[in-house]
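When the chains are written out, they are named A, B and C in that same order, and each has its own residue count from 1.
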Amino acid sequence: MKNYTHINDIDNINSWIEEAKAIKKNPLKDIKLGENKTLGLLFFNSSLRTRLSTQKAALNLGMNPIVMNVSGDAWGIEFGDGTLMNGSTAEHIKEAAAVVSQYCDVIAIRAFATLTDKEKDENEVVLKSFLKFASVPIVNMESATGHPLQGFTDAITISENATKKKPKVVLTWAPHIKALPHAVGNSFVQTMQKMNVEFVITNPKGYNLNPEITKNTPIYHNQEDALKNADFVYAKNWSSYEDYGKVLKTDLDWTITNKKIGDAKFMHCLPVRRNVVVADEVLDGENSLVIEQSNNRTFAAQLVLKKILKQGV
Amino acid sequence: MKNYTHINDIDNINSWIEEAKAIKKNPLKDIKLGENKTLGLLFFNSSLRTRLSTQKAALNLGMNPIVMNVSGDAWGIEFGDGTLMNGSTAEHIKEAAAVVSQYCDVIAIRAFATLTDKEKDENEVVLKSFLKFASVPIVNMESATGHPLQGFTDAITISENATKKKPKVVLTWAPHIKALPHAVGNSFVQTMQKMNVEFVITNPKGYNLNPEITKNTPIYHNQEDALKNADFVYAKNWSSYEDYGKVLKTDLDWTITNKKIGDAKFMHCLPVRRNVVVADEVLDGENSLVIEQSNNRTFAAQLVLKKILKQGV
Amino acid sequence: MKNYTHINDIDNINSWIEEAKAIKKNPLKDIKLGENKTLGLLFFNSSLRTRLSTQKAALNLGMNPIVMNVSGDAWGIEFGDGTLMNGSTAEHIKEAAAVVSQYCDVIAIRAFATLTDKEKDENEVVLKSFLKFASVPIVNMESATGHPLQGFTDAITISENATKKKPKVVLTWAPHIKALPHAVGNSFVQTMQKMNVEFVITNPKGYNLNPEITKNTPIYHNQEDALKNADFVYAKNWSSYEDYGKVLKTDLDWTITNKKIGDAKFMHCLPVRRNVVVADEVLDGENSLVIEQSNNRTFAAQLVLKKILKQGV
């Protein structure tokens, strides 16, 4: 694993989960490993959990994190090939990625989907440009089509909270007023497909995720049917994939309530809009794992950085 | 003292002042105390002194400071209870505070008064929400009604510069073109009420601070009378408390001049608008303590963080 | 050298270059030198390379960097003398510089030219105000009329890549759609005037740099003539100095191509607009030094900080 940009960069999900749990028990064990190494965190988009947990992970490894809000702190970056740059972008990714590689030993990037340019999103233009032009390892802090640090975090959280060998895990679409990316949903699907769980997806018609990602995973359009006997309910909104980036439904029929999930554990990547995505009673109840989930972000990021440092940077 | 959110969290002002002076003499003595501990600094508002001095204090204790401009770096936070979050806020304080507590050992927050919603300000909604939902100690870097790091700084500065046992200290309102919060004034009043000083306040009619804070402290509406025989003159603008958040007076009658203060030492928390709040001659003269005051911000914050670290985090 | 604000602060360019090369070979040698020292990086303008390389340099010396985007994180700063501050600025440089000096052992500042107020720019109002009112050493991270960290970087890069005793170096103006400052051009001219090189400048009529800076350096208005037999071609756009801050020419006649530079090495400070300033073929070709140049920014900054730390802060 040179870079960590996709769930498929995890060679063995079960051993990774065990390694992350070991880090959680003793987070400062490798505090010398990253000494005098710099992690550059480049944000093209807002961030709370990712920003803090990835910095914390780096600090636990003795690394120096340097944060940059690319849009606010620097200038527009050009990704096109052969462009005559007489418009609003002032630096080409070819230079930007190569230059940042001079100062940082590892580069972590957040660059959300546009939700307006499906081709650009599907091609992961920003992430792939960094992979192409940077000379140091790249970590994906949520790209157009995936959020593999979140997916791995979710795997750890399910493993910690499972009470049976093969729990039933349901990913359910939930309402939201804004058009949201598919990245978290995609990475969760890809993670569950690697784990020993009974996994189903439920979403309204018109909201199926990319079929190349969901593959053979059962998709229910009836939420009630899907949630039956669930051990874990993972709620997340996403905009339509077919009618790319559109919001087709904003009523609260699909909002998660205690009645809907019963005794199942509730998961969400956060931030979450209360009483739109999920009712207060669920988040404030005993079955909510969302805070523990956010805590595991640190250890997921720390294992990824540890593996990158171990291979030598 | 679990948290430091109010001047009343100081159990013994005199011993705290002595402890802060000891830190000032040897600021790196406790450099091991905060090793591998993280201080999260969350700014809902602009900051220069607080941003730098609190980071410096953390570094002097060996802590790792992580700075977040909440509005710019993340998204709008919801504080209402039971809200249907289909508006502009994307994350509830319940999650935000609990989540940040996973990554930071101590959280410091700056959230100014709105000056438009008196009830929200008086109830310290932002600060109290963090106190309620965070699981780690909270430090107030200026909230709606108080700025206790500044108040404690001012106590240190007066103690260092006093030439008599019970000096006369005057807090005087001064002009400003914008509506400013009452936080600095409030905390200064509360600090002086704990110290062995002759303390009076002077402000124009209509500008009395909250009487529950000023209590029995004499308030003069004649600035000249109040300033007589002053040893320390602390100038600060605030908007009207009675006519909440309004600017009633912008002429320069109350601007501080050398003639007005005579031999008294001049104090201000900064930033200060020159020749509006105070004349150049005062700030540039020998009796100004403002730079020394700003220096003491580091040691005030450092003692607070030291006490929090000592109790175990 | 108390401060590093101008190429003239380099007492001996050749020995500085050798010292920087030694740092590049062993960047962590002085990791104890800056222990518990703080470098404040104040940005009035955007930055990518300078932001990252100066932090990296500080970290290599064991310093703690603290970054502030002055405009975004704090408030407008007043530079006028005797101003009645009832406008948009909330803090005077007299206080701001003195206050930041309380928390930082060294202050680095970026404040670009206005390009509208020639007198203010020529007088280096921001930089000189910090020099006047700060009590700690100042490092120039690009001011109105100079970018001496870049100039020194360029000297290192030319020294590393020269294949003859006295190479021919050509600074050529190149097109750009926006009005850019003269700082990089000025500092490059001043650096080359100190080195053992054959140095010429070429720019269109109306684009001569300040004659007090170019002095006796030959200026060609015919780019082809100037580029003949060049060993190094340094491209940079700047707006008109005579018709201050104006863009007189935006066609692509002066764009740098492989044909124009032949076997010469290509240099640019970055960011660079591709196919406007320089053709893709040059940047993507073997003779481009721009990434190596950006790498040398770290070692230029590190030598400057090392010298400042060595003299005691």
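The criterion applied here is as follows: a residue touches a chain if its C-beta (ideal position, glycine included) is under 8 Å from a C-beta of that chain, and two chains touch if they have at least 3 such contacts.
These numbers were taken from a predicted model, which means no experiment stands behind them.
In terms of inter-chain touching, the protein chains here all touch one another pairwise. Put simply, subunit B has to spin 120° for its C-alpha atoms to lie on subunit C, with the angle rounded to a multiple of 5.
Centre to centre, using the average C-alpha position, subunit A and subunit B are separated by 39 Å. Shared interface positions of subunit C, i.e. residues touching 2 or more other chains, are given as 72.
Within the complex, the subunit A residues that touch subunit B are 28, 31, 43, 46-49, 51-53, 55-56, 59-60, 69, 72, 177, 250, 270-276, 280, 283-284, 290-291, 294-295, 297-298. Subunit B makes touch with subunit A in their complex at residues 36, 38, 40, 64, 66, 68, 72-75, 78, 82-86, 90-92, 94-96, 98-100, 102-104.
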